[in-house]
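Just below is one structure, and these are the notes that go with it.
Chain nomenclature is as follows: A, B and C, assigned in order of appearance, with residue numbering initiated at 1 for each chain independently.
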């Protein structure tokens, strides 16, 4: 039986991972909840964030890369939305799925062409390299930074949605976009903006995750699979659902290693299946566009 | 202010409005009556740009607005208080109101004035939309639209589903708005209420306008009214 | 009697034409026979150029190139030029076999070379036997390749897990620590390496305090690393390879595992160490390495390295690695055996290989090509990370600690599962 300290250390690790998972999923949730699309390209946007940072870091340093890379990814998101995704609004959800799937596949191929097919491991920035002694355990300094950054960004998203008037428009748009338009708001521009923000969030998650999971052309899967699971777990379009879902996944993966280590990869899917049995809309879920 | 001229609107393939025409002068309160399915809401949606007529014209303050996007029509000065109210349930009262604000349209309605005029909303300002009663929601819907400082308000069935005492409250508010000189098109199934506050009225049946005249006339002639309503 | 079809060709004429066609086809088989007398000797190389072990392919190519150059620059083999036809197996066994078929049928290769991991090689072992084509296996370390899969046509160049464990485990138990924790890559290679290590660990009086099976394609090792702490091991044995290994080293460094235990890797590829960089690689206390360009006291190594650099100035790795070495050795010895046998006939080449001792093995001791399991019995080395100030350049990452003789540590006949079949005529 693992000791209390084992639980504590795995628990802390689980929360750290959970915050990263929440960050990975939040952009996906926004797009699904507000625009009503399943963005399969979320994984490739995540990968692009990591790759841009990989390239920029040597010349500009970690912090500059952390800010510029997501902006670039956000820009790409806006371009994708304006050129392609917006034509799928109002059509069967399947069309958008296929479109974003196609973008994901070609995006991955593009990454292979530009950066090569081999993976690269990314070092944590020097000031957070190596381990820190927390007394009862040694923990990775970078992971602590990662937790802080993830929490901060999630907080900024929350602030935007809850405290700004544009945030109110975005939230209202998730519920009744026709009425929001009838009140004089440009929904089309709002959707573009949300797609851009969602993409930038995927990008920043990629930058932050890169030193942890290394960059590989196929790294989008590290993002899209947990994003799906978390959205299903936490409820479509719910901010807190995403945060809770992310933490649940992070904790279950960490704790699973203590009891069923060979299943630690599968645990998140099992968890999702179990939750769905009791809460078909997820823990915080509301009736969504997908149910109509 | 508003001239709707022979519009023909469709839902999918179905032709639902046939050469519908109506006019509203500035400062008037006009009612649009008819049974369920007569085409009243479709007319409102057509004016608001949510349904696009295949032919005809809609002129607002001299401009042709047929074919405009709803948000541009709203910004031009038409406000919609829709049937079913369509409150944003996941937002608080205050946030609901914020979505209605159109700071670029200067006018008397500010958050402060709204709270002054609707003190119940002020008390409820942190309550989530989905937790409001029907009457509170109706008040919120009206206040939200007012914050856009519209020149013309389209009110679709404002008293539907409300208890009589609340209905009185809503009617009172509409009367007060009328006093401020705002132009209103009010749609109601309950003709008595609508006729009591409007000067003129139109009546629709199966997608056509079947009567246009003074409200007082219909009020004094209940048989005529019933006949027109097809009952 | 003539019958005509609607195109006006009589049946007899049709038969005549068919017969003529068939004859031409048969006669054209003659050039096929003649081709055996054609100028070049062809080697079919089924190697990993993509997939999980894609990075090995690049090194192997260089080793192949070195062997071929050695022969061709001296007039070829049996007076004929040696050529290689390369195919990417992408670390996939089924794909490897299809490509090998193609090499045999279309390219008409005379011999094979294969790499890409144990499952590819296990499949190639069966293929070699079935087709009667000699195949040199140059990268995996799985015990079954000299055990149940061993056959007369298949030769295993790298040492297998048993020998690796037998070399490393006793040294670790005696010099590094007695309480061991295993990280076992969760598939057959990992399991067998850990099993063998356990056997020798117990023999030398060390004990196991825990094991974590690491699923393939694990990205995040944090939970595994935190779990180790509770067991308080002195030694952590890392039986993990490939891309998972790279990620794992990063995270071991992040979590400071090397501060609380001594980390040992029984089998490390230079390519993996290269990928993580010398700073991260220095978390290891001991690394088992098949071959390194800077092994001291071995004649011929410097010339070999110089030849590599001259032939491949822009190779992925600036120095030859184990994988270049094994590819070179495997092919070179095959070609020498052909020379000794004086013919391309497989059974004769096989007999020329079996029992042969390779004196210029580029290792301390000669390499013996064992006839009862076809293992190239070679030395196995272990190193510690070189301190940065001692490094001559950034490929000089290993500091010599010691080695185990192949003849001392390879599996003995009584323990082996190898059962060689008889060749026709024996």
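Keep this in mind: a contact is a pair of C-beta atoms (placed from the backbone, for glycine too) under 8 Å apart; a residue touches a chain by one contact, two chains touch by 3 or more.
Quantities reported herein were computed from a predicted structural model and do not represent experimental measurements.
Novice: What topology does the chain touch graph have (line, ring, star, complete, other)?
Specialist: Looks like a simple chain-to-chain line, open at both ends.
Novice: Across the interfaces A-C and A-B, which one involves more C-beta pairs in contact?
Specialist: Top pair by contacting C-beta pairs is A-C.
Novice: Counting only Cα atoms for the centres, state how far chain B is from chain C in Å.
Specialist: Computed from C-alpha means, the inter-chain centre distance equals 80 Å.
Novice: Can you check how far apart chain A and chain C are, centre to centre, with Cα atoms defining each centre and the answer in Å?
Specialist: About 40 Å separates the centre of chain A from that of chain C.
Novice: Using Cα averages as centroids, what's the distance between chain A and chain B in whole Å?
Specialist: Whole-Å distance between the two chain centres: 42.
Novice: For chain B, write out the residues touching at least two other chains, lowest number first.
Specialist: In chain B, no residue touches two or more other chains.
Novice: Please give the residue numbers of chain C that touch chain A in the complex, ascending.
Specialist: Those residues of chain C that touch chain A are 50, 54-55, 186, 212-213, 215, 217-220, 222-224, 226-227, 229-230, 243, 246-247, 250-251, 253-257, 259-260, 275-277.
Novice: Tell me, which parts of chain B touch chain A in their complex?
Specialist: 48, 50, 69-71, 74-75, 79-80, 82, 86, 88-91, 95-96, 98-102, 144-145, 148
Novice: What does chain A use to touch chain C in their complex?
Specialist: 2-3, 5-6, 9-10, 13-14, 16-17, 117-119, 121, 123-124, 130-131, 133, 137-143, 211-214, 216, 222, 253-258, 261-262, 264-265
Novice: Looking at the complex, which residues from chain A come into contact with chain B?
Specialist: Residues of chain A touching chain B: 165, 168-169, 171-172, 174-176, 178-187, 286.
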